[in-house]
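These are the structures in question, set out in turn.
First chain A sits with chain B, and in the next complex the same chain sits with chain C.
Take a look at the complex of A and B:
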């Protein structure tokens, strides 16, 4: 910093300051743009219907219509749909976390002929277009009479998710070998080793996996739309499809209010569990 | 690609540690090994069974359906051989939809990668409240598609949307954003909105770039841009490649056009504007609007094969460009 006396051109410091100014301006503007759509959703949820119809845009509501949130909550069985979402997302997240940990343990700590091939298939299946398998899966579930039940989520949960398996595998592979060697000498089975020794060590991954799986299911639109009837369906479907007036036009302000209430739990979960969430994200990006 | 890299990392501790230590120690080995093998299959069976029943079986079922006229209702459906595929070849709606999906992938994926990488570089600098900026920029990527769809429908609403508000404020004419031909831009913007995802993943990669490389470059007098291009991008290239492939696959499957349509249900598929009528939307309309399960299954299989080919081509053409940082330490 004191190098200015040696340096014949003082602009250096000025230049750094200008650079910083530009940097912060860009950051603030970009962050504003990224938050804009959500902010606008909140504002729309606070406006009166006639403000939304008026031609020059009303940037801010004349009076904040806080009751829109209560109205949106009462217009449909909001709580019932939220409960459905909560049940489905919890069932899936608990099951898929446990099954993926179980499978991940196999890939991290055990060996058998064909393991390499299977692991390759597992990684490759992460890239399988899920929408392509979902539509025929729906037809099969329909045939088996599982439409309008939560069984599909139980089955999906039990069958583990490649992405989470990979997450657990990476974690378990990093734990020291001595951990199970003593147990093996003591005659413990692998199931016991997994349950008593490995699972208690892996709270960070378990919670990250739960949060990721929970937010997937909470956010899923297509599977519940296809598999569940109007009163058993999830909040995501309800928010998207039920705020329609008797004239068939969307009730934009109430729908916006409802979708804010629908999104906020996810944002809160993310903010609380950020660390695990982001760790999960970045390991998925191949390490 | 990544697969080999990952599995080689996986086998590393085993091959070096096991070979030296555990083998001679445990002589009653045969039964132990058999037990280990059995245990491996017990542990991986949930995935193996699930994969066979919930992925392979549906795909096989779809393949079978694609040779029939099955519609889910009419009992007298029959086998038509390659009939559906022949129809598909001559269907200009299918080809247009495929072209649109391809164009959307080719435009939105690189744009979001550039945006995500740019953001990562930006928030990787020593700035104040860095964590806050990172969190806020990442936040939209967590918003579920339904929330994103409704938010964008409101921002780009013809009358009450902020986008037209801004346009008229600056003296331009309001635009029908959610209709043809503008709807496609809104669709691309929904992808860019989630660029925080790529930012986080690139950020992890950026922090792995050895400091010495940057220092050496600076000593050699390389400019910031040059350093970025010749050091940062090559070191990030495996991550970026992975993002490109998964991004393409995701973008081809997206149902966002449906969520942005005036009526966002399978029944409202007819309200999707022409410029957002992508291949996946075409598949959904065949399935749900027309109940043509056979034909739609043929469409799905064609898409599946095309994705496989595209993925293969991407890996083939990038094999010389993508730089894998093989840690010399780990190789021993």
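Take a look at the complex of A and C:
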């Protein structure tokens, strides 16, 4: 008798169930790992100050301090800082999405000498850490009188972003050549082809690009901290720097509560745009 | 697979979004962004830009300044990168927060600070004979800290090698209290910490003690001075951890970390600082100076069991009790609105804000005339004050190098020291390694200063 006949394989249905069970277990564990820090942040935001230093650790608050959220909201001009963040993130996300689509279209559909080299340089610039360009950037904006204004985000938006250019380039390169040829036969120039044919088809990438750019700017700490004064700065800077007692010590539970409120808009945007975001990443070949 | 062709609705939606974004953007730009900040005074003569932290100047103080002096304060969040950028661009703030012990010499050597001697000479509010010696941390003569022109002033201070202890934890472990007039030795401190630490299933329930100074560099420089030596050479261009005194200090600190009696790089306190842990009764001794009394005074339960003790000494060593901070303000040389900035300087250090700080207990006032305002209503406040007053006799300035920031040296220390703290490297090897990396940094700093 063979080993196979001694240990017959379980039926297919059972094997599928076992596989699913394993898969879901792994997914639940991974989800838990990712949600863990956020859950801890929420719990910290609901604790009284003395519970933060308790040992053994208080996993759950003795009494849920829901008022921490109201206190965190009232302690600073939360809405004002959120409005500043929204303005900057919206300006940048809209402009950079458009400009990156335009540049990506050029790299995907137009031919010119040195195109590959230029594209390589563009991608290479992604490896430049922000810190390196920080001081020169400040000096340029200071000379132009743009410090403490939102103009830098307009200029950055109009300049496109290498990663997003890459995203659009990959997407546009995959569209059939016939579309472009038919448009040319109909008398379209490349600007019209981009605007009337390619852009309308690229909503998944547009959506992905907008979400990426928006979250990027919403979460940016360094640029607003460097370029904006305390009144005009963004929520990310305010949450980091203003939850301090009169003695200069951090108010950790209020800061945690504020951080939870700070990430809610991003979560909502992602939930609304997630289908487009996933489709955009998939169709651009970057999954 | 490609998306559907001809999705005109998406385009409209996109265009609508774009228009909305552009509208919001245009409104925002016309409303806020186009009013380019005058930032550094802009010639109005009535606005002073202060780069400080939120707690240094609260919105209430900004209003009070307007009322008391007629000058508007525009606050910019303190950020070292932003400060460097503003200094480089030639538009610095009018007043900047700084730590006297470490920033004073650093910025003075780079010639970006305003010599304030002429202002002090004319001032009726900040009289030279009224200045506490701690303000000498803000003096630099081009070679050494503590002498020469004044470039700034401390808002309050503590002798940061002192420590607070919790009598309840001492009682629980039957450990005698440290004396309040005579210092214990570092060796005794660590013995106490070993007896006081309480652990359970790998968790530290109660730290025996915390002793890490304001920065590791200032801590080790001060401890080396206590051992009778100097961490820096004569022109502050080099450190030497291999001298007997510096090695003694380093060995003590590495031993403290290795024993895991208190927070350190290899056993961090999740709270990030001693306050909440000490308040929760989870720390027997906290290496914090008088300033921690500001927090202790607000908690009557804690105040009854918290006591202040003198800075430890090495057996047979000198009694040295330095200030490792001396946080205050300085004025950049290129500040555009110096007279108004000086008026705010006087107000901040000598008038209402200074009096309020003095009575709050968050540090010793830096004007001798304000000492009478230090809190002494309660028994525990009088007790701490007595210990502090006795300790002031042993105050001295431990000079710091102008060629690197304390943060930069701390970063190098944090990279090199954990191996020794974990017992994988000897103290002698660590001392040599620290000499190499820190001296390299100091050499680069000296080249920059010229």
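A few remarks follow.
One rule holds in what follows: the second predicted complex is superposed on the first by the 231 of 287 C-alpha atoms of A that agree within 3 Å, B and C clash if a C-alpha of one lies under 4 Å from a C-alpha of the other, contacts with A are read in each partner's own complex, and residues count from 1 in each chain.
What we mean here is this: a contact is a pair of C-beta atoms (placed from the backbone, for glycine too) under 8 Å apart; a residue touches a chain by one contact, two chains touch by 3 or more.
Since the structure is predicted, the reported quantities are computational estimates derived from the model, not experimental observations.
Touch criterion met: A:53 reaches chain B and chain C at once.
Using the contact criterion defined above for the overlaid structures, shared-chain residue A:75 touches neither chain B nor chain C, since it reaches no partner. By the touch criterion defined above, A:261 lies against neither chain B nor chain C after alignment on the C-alpha atoms of chain A.
Of the two partner chains placed around the shared chain by superposition, chain B and chain C are both touched by A:139.
Legend: residue contacts after superposition of the two complexes on their common chain; A:155 is shown touching chain B, with no touch to chain C. The wider contact with chain A, measured as residues touched, comes from B rather than the other of chain B and chain C. Within the superposed three-chain model, A:225 lies in touch with chain B and with chain C [touch as defined at top].
By the touch criterion stated above, A:188 is placed in contact with neither chain B nor chain C.
By the touch criterion defined above, A:245 lies against chain C but remains apart from chain B after alignment on the C-alpha atoms of chain A.
Annotation: chain A residues 52-56, 135, 139, 142, 222, 225-226, 241, 250, 252 touch chain B in one complex and chain C in the other. Chain A makes touch with chain C in their complex at residues 49-50, 52-56, 84, 87, 90-91, 93-95, 98, 134-135, 138-139, 142-143, 145-151, 154, 174-176, 179, 199-204, 206, 210, 222, 225-226, 229-230, 232-233, 237, 241-242, 244-250, 252, 279, 283.
Residues 2-3, 5-7, 10, 13-14, 17, 22, 36-44, 46-51, 53-55, 57-59, 61-62, 65, 72, 119, 122-123, 125, 127-128, 133, 135-140, 142-152, 154-155, 157, 159-162, 164-165, 168, 193, 196-197, 200-205, 238-239, 242-243, 245-246, 249, 252-253, 255, 259, 262, 264-266, 280, 283, 287, 293, 296-297, 300, 303-304, 307, 311 of chain B are the ones touching chain A in the complex.
The part of chain A that touches chain B in the complex is made up of residues 23-24, 26-27, 30-31, 34-38, 40-41, 44, 47, 51-59, 99, 102-103, 105-108, 110-113, 115-116, 118-133, 135-137, 139-140, 142, 155-156, 158-160, 162, 165, 169, 173, 177, 181, 190-191, 194, 215, 218-222, 225-226, 236, 239-241, 250, 252, 255-256, 259, 262-263, 266-267, 270-271, 274, 277-278, 281-282, 284-287.
Across the complex, chain C meets chain A through its residues 1-8, 10-11, 13-14, 17-18, 21-22, 24-25, 28-29, 32-37, 39, 53-56, 58, 74-77, 79, 81-82, 84-86, 88-89, 91, 200, 203-206, 271-273, 275-277, 279-280, 282, 291, 294-295, 360, 362.
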